[in-house]
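Below: a set of structures, written as structure tokens.
Heads up, the next two complexes both have chain A, just with different partners, chain B and then chain C.
Let's look at the complex of A and B:
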């Protein structure tokens, strides 16, 4: 058997599976998206139809807020964990990254346990103020859930980047009289900017496409994946669901393309 | 000096707070799954009653998820490992384009992929209604992790030299793949396998769309119990999921650390 032939045989099963279960379905999705009563104009409905546009705006705001809050949190924690050696450090890192493997539905349940009707935060609030605090099923709960699955991913990226920083640059800054705050502002944070862009874009894409968490919390905030799901199952509007999901796919794909050009990596948009 | 230590102390406190946010609800759910009555707390006593009830209600979903995860692993191994080798040997633009396409499922929400699959194969009843439909989705979603993991390892070894020396000793293409390429790729295969099984066990976004009442998986059952069961049962079910997940995560950390120390030597 020629070498070329062997390599082709190695690749053939992959190409068949990818074509049958990914490329073809995606192509059909794009075609069906334009097959509704409005034709290809359905692709503009995400911007022109008020209901879809509001959902898109709400989802983008949620995803941006999640990204900003996650980057700040993960930078503080990542810097601390990477720069200090203390007993139990590896256990702490394991605990911080454990939620990475949790599906979105389970993350939703974690938020119910924290902020639901029998939740911990509610109990604490009642003990302190006499008022039960329940926000798992409102926008606040959704935001908390998105933070929950975003923080572990971003912490890992930040830690890896902090590890690669050149300590000599910081020493030089200190030798020139810069204080701890100035070193962070002028040396460490600027050096982490590529990591912020890369992990921020992944965080944004993941938050845009997340479905399980919103599904479990069944919040009043209609995020785009929930709207697509409703169009498909309750309204049986396949064409609109297809058009909206193609639009969502383009947004998440573009965000990840930004991330890759910043750092040459990409991570799953699942969650 | 005290002023200089203060930010560090704040940072440490913040780190503890974030860790608590991530871990406390997980611990709460594990405890709630073995507590007689959640609203009365642990003082109401410990019980395995809820775990038993979950098993009678949902054991089929747990077994199906394990089977699908193993089948997904089988598919990604038999298809992904040769393909990773093929891509590594081919190189150049063709390999890059193929890699780009097969990693696309990571960049597109599972919901969109699932909709596409339903639109394409919804009419093929026997396929649509079997667990194979879910398996196909899981294979597409996890394949890039296996291929990248194997390619990462193949990329750092001198594949050409190994391959040529084996060829000069008279080994056939197939023998060289099995006896030279695969043993050298083991760390990547192992890491990829753990990722594939973990992802398949927890996959929800695709599976929720692809499942039928007769092909529910563990995460689908979880969503079901969160919506309709009492908190103790939902917690006991989540506990079972954690019991499946934690050994996989521990193995993954162990494998990663092993590789890191070997890399340093």
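Let's look at the complex of A and C:
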């Protein structure tokens, strides 16, 4: 057998799987998106139809806010946990990564228990101010839920990058007169930028496509995955659902592509 | 910043370092370093030289009771960012997110030196270390030698009170190391800053140090000028660590050491039990065995270009090494006489 043939045989399973489960469904999705009464204009409707546009904007804003808040929180915690040894450190790390084990629906349920109509925060607020505070079902609840499952994804990447920092570079900055703030601003944070880009992109993609948590919580706000679900199941508008799916995919893919070229390394797409 | 830019005098007083778990990496040491002096801390890895440097820098604290004084002022509890020391690391430790000029000017920026003044100082520093064309280069576009020059310029740009270098040439290849060593020597002389240089390379130590502090197992084995250390090592460790050394052991009678191959005159020798002495390979001369008081048989002969390296058996309890003239005609197996000029043999404490 020639080596060329051997390579082709080895690649065949991959090509078959890719064609069957990725290329063909995606192509079909694009075709279906243009098969409605409006044809290819359905794609335009994502931007022209207020309901779709607003949900796209809301989803992007939510995903960006989640990414920024996650990066800030995970960086502070990751730096602290990686740099300090204290009793219970490994328990804390296990706790911080625990949400990885929970499906989105459970995360949504936990947010309801925390900030829902019967939630803990509502009860405390009522006891203190006489007014019940409920934000689980609006953007605030979604944000909190997304934050909860995003932090573990980012924190592990940040901790790994912090561990790899050259301590001598920080010592060099200190020798030149830089205090703790300056060392963080000028040395540590710039060195962590590739980690921010890589983990931020995954965080953004996950938040854009999150469904379980949105399904549990998004009763007062529309995010794109929920709109797709509604069009598909309740309105049986397959064409619009497909067009929105392609639109969601393009925005997320574009974010990953930009971050990949900025980081110069491969950034995995999140599920 | 000092007015004359010549740095400070330095005193380590009783500085020891014990890590949690009771491991003492540095025994209490006291060391005086004069203003403007270049002192090399030399020793094998794990001897405590880097620990000493880091104590001077303020990166680690000595054990209780130890003090670091700059110009007589106790700076033991002053953190490194307030000590105004310049530091050069083995890994260069350049800031990868800044250009060459950004790296060199960083200390000045932290000190809020105005931009124009900063630019002038950075340019002067770049000229000083010979990298004046690299102003806007990124750090990852530089060769190892250029990176080390940037690290050096960055360390001296703020006119530090003490310049500390931790194995700065170790990561470079041999020929570049030789060239940079010469450049460093000139730089230290022209700057006149008090400089502490850590290395395990005796060639570097000899070339750069006004004085060398030889260290082993967390203690100082000897402090002296390069020629003192080389010709008058304080003990067997220093003798064997610096250069090549023949260690001779034998009973001493008056000023004569009795060896398997004859007798060797030793100045200041006293009658006693077995003594240990050292003689350098280049101090031993090869003569005719007839009438010689110390003889041996040539075991191996290696031509090194500038000299002939011989090992001579039967002269002492173990084979000795002799560096002879590259024109000497001898054969393996020849019996030869050995001579050593007065004052070239040194008695050692073991």
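The rule we apply is simple: the second predicted complex is superposed on the first by the 235 of 271 C-alpha atoms of A that agree within 3 Å, B and C clash if a C-alpha of one lies under 4 Å from a C-alpha of the other, contacts with A are read in each partner's own complex, and residues count from 1 in each chain.
The criterion applied here is as follows: a residue touches a chain if its C-beta (ideal position, glycine included) is under 8 Å from a C-beta of that chain, and two chains touch if they have at least 3 such contacts.
The structure presented is a predicted model; accordingly, all values stated were derived computationally and were not measured.
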item	value
Chain A residues touched by each partner, larger count belonging to chain B or chain C	B
First, second, both or neither for A:177, with chain B first and chain C second	second
Partner chain(s) touched by A:166 [first = chain B, second = chain C, both, neither]	second
Partner chain in contact with A:215 - chain B first, chain C second, else both or neither	first
Which superposed partner A:109 touches (first chain B, second chain C, both, neither)	first
Contacts of A:252 with chain B and chain C, given as first, second, both or neither	first
In the complex, chain A residues that touch chain C	166, 168-169, 171-179, 182, 186-187, 190-191, 193
Interfacial residue positions of chain C with respect to chain A in the complex	57, 59, 79-82, 84-87, 89-91, 93-97, 106-107, 110-111, 151, 154-155, 158, 164
Chain B residues touching chain A - in the complex, by the definition given at the top	4, 7-8, 11-12, 14-15, 18-19, 21-26, 28-29, 32, 38-39, 75, 78-80, 82-83, 85-87, 89-90, 98, 101-113, 115-117, 119-121, 136-137, 139-141, 143, 147, 172-174, 177, 198-199, 202-205, 208-209, 219, 222-223, 226-227, 231, 234-235, 238, 241, 245, 248-249, 253
Contact footprint of chain B on chain A as seen in their complex	1, 3, 6-11, 13-15, 17-18, 20-29, 32, 73, 76-77, 79-81, 84, 92, 94-96, 98-99, 101-106, 108-114, 118, 120, 147-148, 151-152, 180-181, 205, 208-209, 211-212, 215-216, 218, 225, 228-229, 232, 238, 241-242, 245-246, 248-249, 252-253, 256-257, 266-271
